[in-house]
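As structure tokens, the structure follows; a few thoughts come after it.
In this document, chain identifiers A, B and C correspond to the written order of the chains, with residue numbering beginning at 1 in each.
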């Protein structure tokens, strides 16, 4: 077993353990903290898969931006009531069954689908340019329009967040 | 090296104009006193009309744009025109409502315009990244619009439910895309279709899983059973003009995506798509129509009716032929006219704060407000599929396409459930005309803008009901041969 | 090199955990966090495939998924604040005023 694989198994175990803690903790603040651990471990796996740019985005945007927003809101709303309320739905067996069926189907698909991956041509040539450069070239050449359209999306989100959260609109 | 030409920008001209107007609405918003915000509404309407003119311009320079991520083809132009029609009708129907319920903010109009931009991109894109972004733009704006009555508990609840289930569905859609990408190495629908048919690997189980995951995501958006659970609550809680918008716009856009993906790109694996669509169509029609029978709230009744109508559309898609696609396109326009009409008419009947929404509140409406009752009757008859209305012909074309594709069982279920549906549509008509009594509903006269919108819908329903070929000929031209492969594969 | 099937297995389990949490949990904020878990599973699958295919397009998709997740988070949390202000609750069980 190589060092890379040991690192992968360590990060996977960390990601799964903290994900389970996210969905079982009673206090939302604890859930947020565990989610941050999950995000860091997933980010670490990004790094192992040579997606360095996205590792940076994951840490800066996801952990640094989105999760801080979560923490803000968790602190803003009244948690004392929420902690005392029922945490789990009464049909949790049903939920568990649904999730297990879903996972089983996906696992079966992946197990049987190995040969299917040959469909896409695998480029045997190792990349000659760095990951960030490759992403940048694709992003600003092939995917120029989505980058532009993402600005409309962010505008909608900005207007929407203000409309919903502001106490009084003019 | 990819170069961008001027023609690329002309091919997305309607979306550009709508975005520009949405931004201008937000820029002008702070300069208007709250009593004159309706000016922004008329300005937005001008934007929709301008985008319509732009769509005409675009239709003269069809072709792919932006590295084949956009396809300006007759199919997308048809859908863009449909979305603009829906946006215009909803804007006209909302002016008075917003003032009356004291939520007249410029953001409403900007969000309607941006939601329309998202839907246009969904229908016009042939690249899964663009479809995803369009889906998110339209979803995010409708989440806010559903909760636009910010101090109303029901509206908040509608917004939250729509948001949580919508995001959940998006995750499924994305997971499906991830597996499709893994199998084919592309997210472009053209390349995808070509690679799938070239290698003929229709049998990979992983691809089936991916198709089902993507369908779950889109099924939430079009509210097919069993992914319809959010629909009644959201439609009931959202302000009525918004319900009109989101019961038609995002739904039609998601149908456009379903047509492009399942009948276009995945035609090589048609059998899986077919079984899934078939099952979903039957479930949706049965669940929607049976649940509608028990509703006492008019908005919930129409919500279940909207679910049932999604089922009829799925019948046409399951047919998988060019005829089926053309019938679906025709039906979506008809559905837009009658559903938007019904929902924007509910608002003035229900009065301030939407209080009179029970079926009993409509008692005697035929005598106290004959004009309103007559319009509502037309919408109900058309939704129920009574001949001479467009609703009848729409269903007729859908079912005929299904019969030609030998889907007899599906058509039998469809016809039986639409007979059942006549009961609950006529119940409302009976209550309005056959029962004496003082209606609970308010009786202020209808404002001009609303009258224009209603007249457009009613006239549209009769014109399409009597002279369907005006639109149907066009619909046949839109159903390009890319969509015809499914039937042969099956 | 880590085999693609291992990363996919992790991704599937994460997605399943997120979906299960979404259905089981009653606290709105935690439900929303479960959606973030599912989106991370999606990102993991994309990056695994992108690495396997030697093609940067999958990473572009992940980039946009993260952008959308940020937009969704901003909006969703604003909606949660509005709900909490009017209803004084964070439990999905209390948000059932439209049942017949």
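Note that in this section contacts are C-beta pairs under 8 Å (C-beta built on N, C-alpha and C of every residue); 3 or more make two chains touch, one makes a residue touch a chain.
Note that this is a predicted model, so its numbers are computed, not measured.
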Pair joined by the larger number of C-beta contacts - A-C, A-B: A-C
Most distant chain from chain B, judged by the mean position of its C-alpha atoms: A
Rounded Å distance between chain B and chain C, as computed from the means of their C-alpha atoms: 26
Centroid spacing, where centroids are CA-atom means, of chain A and chain C in whole angstrom: 6
Distance from the mean Cα position of chain B to that of chain A, given in whole angstrom: 30
Touching two or more other chains - residues of chain A: 106, 110, 117, 120, 142-143, 146, 150, 153, 156-157, 160, 162-164
Sequence positions of chain C contacting 2 or more other chains: 15, 18-19, 32, 48, 52-53, 55, 57, 60, 64, 68, 71-72, 75, 79-80, 82
Multi-partner residues of chain B (each touching 2 or more other chains): 129, 133, 136, 140, 143-144, 147, 150, 159, 179, 182, 185-186
For the chain A and chain B complex, residues of the former touching the latter: 105-106, 108-110, 112-113, 115-117, 119-121, 141-146, 149-150, 152-153, 155-157, 159-160, 162-164, 169-170
Chain B partner contacts - residues on chain C that touch it in the complex: 15, 18-19, 22, 28, 31-32, 35, 38-39, 41-42, 45-46, 48-49, 52-53, 55, 57-58, 60-61, 64-65, 68, 71-72, 75-76, 79-80, 82-83, 86-87, 95, 97-98, 100
Residues on chain B engaged by chain C in the complex (per definition of touch): 128-129, 132-133, 136, 140, 143-144, 147, 150-154, 156-157, 159-161, 163-164, 167-168, 170-171, 174-175, 177-179, 181-182, 185-187, 232-233, 236-237, 294-297, 300
Residues of chain B that touch chain A when the two form their complex: 1-2, 4, 12, 19, 22-23, 26, 30, 34, 66-67, 69-70, 105, 107, 110-111, 114-115, 117-118, 121, 127, 129-130, 133-134, 136-137, 140-141, 143-144, 147-148, 150, 159, 179, 182-186, 195-196, 199, 201, 204-210
Partner chain A, residues of chain C touching it in the complex: 1-2, 4-10, 12-21, 23-27, 29-30, 32-34, 36-37, 40, 43-44, 47-48, 50-57, 59-60, 62-64, 66-75, 77-82, 84, 88-91, 93
